[in-house]
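In the two complexes below, chain A is the common chain; its partner is chain B in one and chain C in the other.
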Partner chain A sequence: MGLLTNEHSRNRLIKLLLAHDTKLCCLSYIAGVVWFLALAYQPFNAGTYISENALLPGLVESELPPMFTSAFQIKDEIHTEVHRDKKLTPQAWIYKKFTETGLETYTHNFSLIYPFRSVKSQLVTGENVYSILRGRRAASTEALVLSIPLRPLMNVNKERPATHGGIALALALAKEFKRKPYWSKDIIFLFTDFDEIGTLAWLDAYHQTESEYIKANDLPARSGPIQAAVNLELPAEDVSYYNLLLEGLNGQLPNLDLVNLVVRLCRREHSQVAIHHSMEKRRHQFSDSKGESWSDFKLSLSTMLRMMWYQASGAPSGNHGMFHKFHIEALTVQGVVKKKGSHDDIITSARIVEGVFRSLNNLLERFHQSFFFYLLPSTNRYVSIGMYMPAFEAEEVLDKVKEHLQEAAKDDEFEEDEADVNNPANQSVLSIVPIVLVSLLLAWMAHQGPELLMRIMPRFRIHTEDMVIYSMLAIFTAALMYPKMMIRKSSNPFLVIDWRLLKSVALIGQTLALACVALLNISQAFFLAAFMVPVTCSVKPSKSRILRWIQMLALVMVSLLVLMYFVGLASAWPQASTLDLLFKGYANTKHLIFLGLMDAYLFNAWSEMIGTAVIFPLWLLFWAVPWVDPSL
Partner chain B sequence: MASAGVYLVGFLGVLIRVVLMNTNLPKWLRSRNEVITPITSWEKVEEGFSLQRQLISPYTGDLFHETPLALRSLKIAHYFPYRVSGFFMIIDILTMVFLFKIAASFVKYLLCTQEKEKDNYSSKAKPLILTEYYLSWLPLTVVGVHALSPFSIMTTLASSTAAVTNLAVLIAFYNMVIGNRVLCTLFLAIASYQTLYPMVFIVPAALHFCKQSKKLASVSYTSRESIYSYVETLSLFGTFLGLLVGFSFLVEGNWNFVFSTYGFILNVPDLTPNIGVFWYFFTEMFDHFRTLFVCVFQLNAVVYTLPLAIKFSEKPFFLLYVLIFLTSIFKSYPSYGDAALYFSLLPLWSHVFPYMRNTLVVCGMYICSVVLAPILYHLWIFAGSANANFYFAITLVYSTAQIFLVTDVIFAYLRREYDLYHGTEHLNPDGTKARIRLD
Partner chain C sequence: MVDTGENNNMKTTFIFNLICVFSLFCSQVGSTNHDEQVKEFFKSGHTNNWAVLVDASRFWFNYRHHANVLSLYRSVKRLGIPDSQIILMVADDMACNPRNPRPATVFNNQNQHINVYGDDVEVDYRGYEVTVENFIRVLTGRLPESTPRSKRLLSDERSNILVYMTGHGGDGFLKFQDAEEVSNVELADAFEQMWQKQRYHELFFMIDTCQAESMFQKFYSPNILAVASSRVGEDSLSHHVDPALGVYVIDRYTYYALEFLENVKRGSKKTMAQFFKVCPKHLCISTVSTRTDLFPRDVSHTLLTDFFGSVRNVELITETSSLSKINTSSSTNSAGKEETTCSKDSCKDTDKKPEKFSYPDQIPRVLI
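Right, the complex of A and B next:
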């Protein structure tokens, strides 16, 4: 309370801050960014460990038959099955096989209502298959899920590889698991159609919730609350390494214990495991080298940034993302095929999955021990929330310092003790109200724009993706001009815009918005802050026309659409010519924005809302600042 | 000008509420534990109605915590146009009307007391003297704050029964300003009958009516006549409260309701997270300490009455305001409805605002806690990635912000009083500027 009640010491502090304001701001920003990136350096982060004692991954001895011939047989069968028709997925075959094994097997139908009206048939239907292995030692009060996406051969690509190895593995494991007496949780084998959509439909039906665009039929049978889920994407060939995908919907991550468990069991089988395809050198995995060299740092930094890049999008990186929505810990294990190097056959994969499920079977409570907020610079190192939050705060702190200074500078203008109560000095507050209202209105339009357009869409014959980006561009261009109208009108001396107040309000809003986003999705907040904060903190009205133009240009560069374009460029990076790059970048941006919108409609992802309804209006407030006449 | 503004701002407030009522917001707010507590939830009232229809006493279970008379009188909500939301709109409009009346008569009161005390003021305190022009804006500000404050908007949208209690307190406040002892004590009794804590407001009321009966500038608060006046106010209040409770017994037929209402407030059995200080503490508590700490916490809510009554015996309205503020911080089930009440009344003291020193910090804390509370709740309950400590941290920030604000208002009030009697310029004996310290 000393600082709050003692005016003298407080004034001294404010004077000190005022004297070094620019220096402090730059320093804290640079310190924040450097600190954050330095967290990838091995001496600054910590080694992972399994915090939940009940998992006991070291005690799971594989009980699979050493040759496991049935797995190979099934793999051959499914190979002939899927090559019969490349457009179809083998639901019927899976249903038959699982029923033959003697497990309860059911199909589950769902339909997707396409949110945009431009497509002729708005209804897409799909079918999931699932099978429940009832644990012998429990009354179906808890369940684990092994989920495998079904993909027709013709739709397989690099990002969505074929999963037939996974189907064969699930079937072979189901046969083995059925013989074991020790299951204390039910195991659900889930085969989903249309990736995330099918998964969400099944989960919605399982928990009896409803979503707007995905209509799911009721499930004929259920088990208990799902404790954990593993999404398996194994190709039919032998794999060179296993790739883990963690990022769920809205940047949620699974409990670190689950990640550690999978990594540990892969290591036990001497298989390579990676996060986002970033391979670590083998010697690091087994010897505890310090990892202090420059090349090690570069590797772990790129791994961490790749993870942050995916997390920042707020879109799930695999089917597991939908489980997070229901408070279920889940991750995706992808088998990646490469021509060179050593290979693991299906038996290794089977041992890993068996180990994971037997460890999970040991769980006594929900996952709660380890971290939920973390970043991974490699598979066996982690950065916890306690480490990255201070760095992020340092990056943001200049925001706060700046806004305090803005207020302090105003306070200094009139003497504190001579308080003239008869003058209602709130004119300046009223003067910025129209600006705030207009930016909120524009934000509402940007947020609702696609929805409004959807209603008038069929009249135009334009591609949906184009429609969305044109509407965004239209609102953005309109928004660019709004300060001109607002500020010209205010020739009335009572309505002169107090740019300091406007900027303070905008800075307070930005700090708060970034803090909120940081809690939900640290990576998104980090990238936003890293680009926006230096520009938004330094804008101010200027007499020189060149300075003003530079500021406006900088502001446009950090506006959301332009940032999205940079993302599009980055994802299209190696191209033959610059022109190609620009066009491909534009196409990618268009696609990304469209995907973001679809995620918002189908899965209730928040990225689109944060962008249009939170960041956009704040940016508009800053945009008005350089337009104000500095002499007032 | 000002009166037209009042209508305009009031209309704007009603418009905002009507527009928002047609969105998904009310449904969401009704599930927010910052806005709704077990004793103010409309859903629980509906439960009570339906239990009563089944001829089961609503007080046999642990669902219903409204008083018996409230249970019977709130039924009229179903006969309003637009049913429950219409009822709460009408309550809100009535609140605005009474806020306007309070502000208008409070202006007269302020000018009147200033006129009486003017002779004792320092000659250098001229800039501090309130003018009629400045005060003419007061009703507009008070109504405007209520109409646009997010706290009162949320309370109305969520149909929290805190709005009804707030209205009773405001009517009592109004009758205190205009000097109607009977109605003032009646409405204080109604408010206390509903939520118990307004009982302490009888202290400022007694002080005020004692002072009023003397019609003199200086009165002794311990003289025989003063004590007689206190007893009169207290016995009026006691009679009304007794009648209300007795009547409840008559309609209910037994005393079960006492345990479900007052027992529920005093004993804090429901530890659903809210923005107060009770829930987290008592989830951690061993059972054998519970009684002791319940007593300590409940005493904490009301114990400030005595020292403040001694300090502010000359200023009963400020005392009443501070007590409204303090009970809404420390009561067992606080919600934004309580904040709505003290924020609406805050502009009555706008003449001390220039002396406040932590406005920016306090505003920042309020905004942060209101925005972050639902996010942290989501992370704790739905996403499962955070835990109870996250939410508790933000409720602590909220409580701290309230405490900062109330201490700041008290400080500013005292500081202004000091300046009134000693002039605005304070010089040391050697002619340098002196600093005033609050000790």
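Right, the complex of A and C next:
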């Protein structure tokens, strides 16, 4: 306490900090980033375990018939069915088959209102099919969902593979499950049209909530609250490994217990399982190698960064992401086909899904035992929120130290020229108010820009994606010039901009914003902090024109649009020539921004809002700093 | 003064007793080695047996605790303790759980030979009735008046009581349901209260839970013998999984204890000392721990059936004792009223002698 109360020693400490502030800031930033990345190193993270007692994973033996011929038959049938018309999805066929099985089956219609007015027909309609298997001895008070996206053959690509294996599996399992007396929860088999949109429409209808752009009909039948959901994307071919997709809307993740459960049951069937296609060497699963070698670290770091990359976008990586919005734990199991190596046929997949559902059936309450905030460096290691938060704070502490130092430096100056009556504190506060207000106004414009543009768009004949990025660019370039106007106007000596105060306010804002984002979506906050913090902390007015230009360039580099362009470049990375890369990068950026906007409209994703309404005004405050005349 | 009718009655009972004892001696005379055993046989000094069996945990994944307690229930019933003298407390209903692939059954072995939830299970306290309060009330006899006799522990100072508990425990407590726990101090005090209220003669406490030893460490009342499945700091483990049910079906200690009990017949001469050795460390993984310092008898001479069975002992009375007729109705009636039903002699007797304590509710009239 002496440190805080003793004025003399406190000043000494502040002076010491002031003397070394740059070194300290650099040190804490580097330490933070290194610490964060080092968490992927196996000795620094922890092994996963199942903390929910009720799950009892893998204790029960499979009750599926050993040959399971019906699954193969259904697979053949669906093959002929989908090849009849490659543009259509087989809702009618699924409806017929499930009704024949004796389950209550329903269709659910929804329509999507396209948020931009650039296309003529704004209404797109879709149809979901779902079927409820009622638990015989339970009261229909709880439900589990097995969801399968329906994709017409012509729209199938690498990111959205065909799911016919999943449809066949669901049908075959429904027949088997129906005979069993042990279901304590209803099982809903859900087939969704248009991926996430169909899923959200169904979930909205199930919970009787409404979306602005997705209009769903009411459901004819329901079950109880949904406890967990598994989204299955299995191709018709035999799969080489199972890939798990976890990232949901706004970086939400399913409870770690659900992930561990699926991983463990895949391992039990001796199948390969991966996160983001990063395969661990087989020996890890069986020998107790400590994973301390450099190559092991590289592998787990790349896995963790890939997960963070997806999470940072705030967009769902699969249909499961929509369930997170309703606090339903969900993940996607994707079957990946490769020509080489061993293959698992549909029976293995069936056993895994059966095992997962029997474990989920044992649940007594919602998933709550394990972590909701975590990062995975591999399928059997985890970094929990308690481990990554200190590292992130160390990276960001720089901000806080710096902002305190700014304040302290200012105080010192006041003490020095206390006699100067022309420079009272309240005036300097007043001087930065216009800058703050203008940057907030610009942020509002950036946030509302697309909405405003939508109204005038049909008059121009421009592609929607282009329209969005042009509007963004327009606002951005307009914003670049605002300090010039502000600073010219304040030539009045009583309204000289106190750049130290301005920077302090901006740093406080940045710290608060990043800390808040870190609690919701750690990856987004990490990447933002990693790029922005070193630049924003080091800006200050300079007399040298070159130094000033360098600072401005650095600031432009960490502005949101340029960062988005880097993301676009990274996603387009291996290209034949540099020019190709630049163009493809631009195209990708355009697409990404458009998708971000669509997510914001359709699913209420926050990324677009965080970018335009939180990060952009903060950046504008920093942007004004190098413009100030340092002599004042 | 004894009237002639009663005298006759006395005589016949005395003769009957003599015959019994004589025949017993006759059967044992051939082998003189058994004399000592016969001595031990009479030493117990109890006249009736009771059992309180408690499964304190609920939920499907605790199936094994349910199976534990039902298996033990089955064993003590087989060894002769009737349902009327067993208080069975089961916190959940596994047989009717919708997750149970074999509805209406509970098995304690993956072979599924014995359905321990058979046709004749009499559960006294079930589901949410299994609380610490009810458990302590049953032990100490402080139940509400409306409680039926089948749900009461109607033991007396000549009763041997078996108390078996299973569930999830820690150092110094056993969890009941998911909400509360009974501590070892509470349990020790409850037993002391039982002793002071003369509710038991000897008590055998058996517990299968993690850190089970801690539950009997605080006992201080006499005549208590205790065994626990694990030491403080140790976990008690389950024995095996039934892959058809998908749950652990029985705990290790109870499994081996039952294996031993299966070979015990009603007239068995197996002793408690043998019973204490049923689960050595390599089988149980936890260390089975016992407490004998409160128990005056030698455990190697104490019969297992003193607690697990219901063997009626016959005692030899050497001197002639005169039994006076206890007129219960007059003692309960108000003092001012004249009794018209009694004869002159008996009325005089009751007036002269001080009132005796009696158990009008518990001892059937026929015996008096």
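In this section, the second predicted complex is superposed on the first by the 612 of 632 C-alpha atoms of A that agree within 3 Å, B and C clash if a C-alpha of one lies under 4 Å from a C-alpha of the other, contacts with A are read in each partner's own complex, and residues count from 1 in each chain.
Methods note: a residue touches a chain if its C-beta (ideal position, glycine included) is under 8 Å from a C-beta of that chain, and two chains touch if they have at least 3 such contacts.
As the structure is a prediction and not an experimental result, all values here were calculated from the model.
K.L.:
So, does A:Gln252 touch the first partner chain B, the second partner chain C, both, or neither?
P.N.:
first
K.L.:
Once chain A of both complexes is superposed, is A:Leu519 in touch with chain B (first), chain C (second), both, or neither?
P.N.:
A:Leu519 sits against chain B, while chain C stays out of touch.
K.L.:
In the superposed arrangement, does A:Met557 touch chain B (first), chain C (second), both or neither?
P.N.:
Neither chain B nor chain C is touched by A:Met557.
K.L.:
After the superposition on A, what does A:Leu364 contact: first (chain B), second (chain C), both or neither?
P.N.:
Only chain C; A:Leu364 stays clear of chain B.
K.L.:
Should A:Gly135 be classified as contacting the first partner (chain B), the second (chain C), both, or neither?
P.N.:
Touch partner of A:Gly135: chain C, not chain B.
K.L.:
By the touch definition at the top of the document, which applies to A:Glu61: first (chain B), second (chain C), both, or neither?
P.N.:
Only chain C; A:Glu61 stays clear of chain B.
K.L.:
Look at A:Val433 in the shared chain and tell me whether it touches chain B only, chain C only, both, or neither; answer first, second, both or neither.
P.N.:
neither
K.L.:
Tell me which partner A:Trp183 touches in the superposition: chain B (first), chain C (second), both or neither.
P.N.:
second
K.L.:
Would you mind checking which one, chain B or chain C, touches more residues on chain A?
P.N.:
Per-residue touch count on chain A favours B.
K.L.:
Report the residues of chain B in contact with chain A in the complex, numbered from low to high.
P.N.:
It comes out as residues 127-128, 130-131, 133-134, 137, 351, 354-355, 357-358, 360-361, 364, 367-368, 371-372, 375-376, 379, 382-386, 404, 411, 424-426, 435, 438.
K.L.:
Using the touch definition from the top, list the residues of chain C that touch chain A in their complex.
P.N.:
59-61, 96-101, 103, 241, 243-248
K.L.:
Contact residues on chain A for chain B in the complex?
P.N.:
4-5, 7-8, 252-253, 324, 327, 366, 368, 372-373, 404, 407, 417-422, 424, 508, 512, 515-516, 519-520
K.L.:
Per the contact definition, I'd like the list of chain A residues that touch chain C in the complex.
P.N.:
Residues 53-54, 56, 59-61, 135-138, 180-184, 358, 361-362, 364 of chain A touch chain C in their complex.
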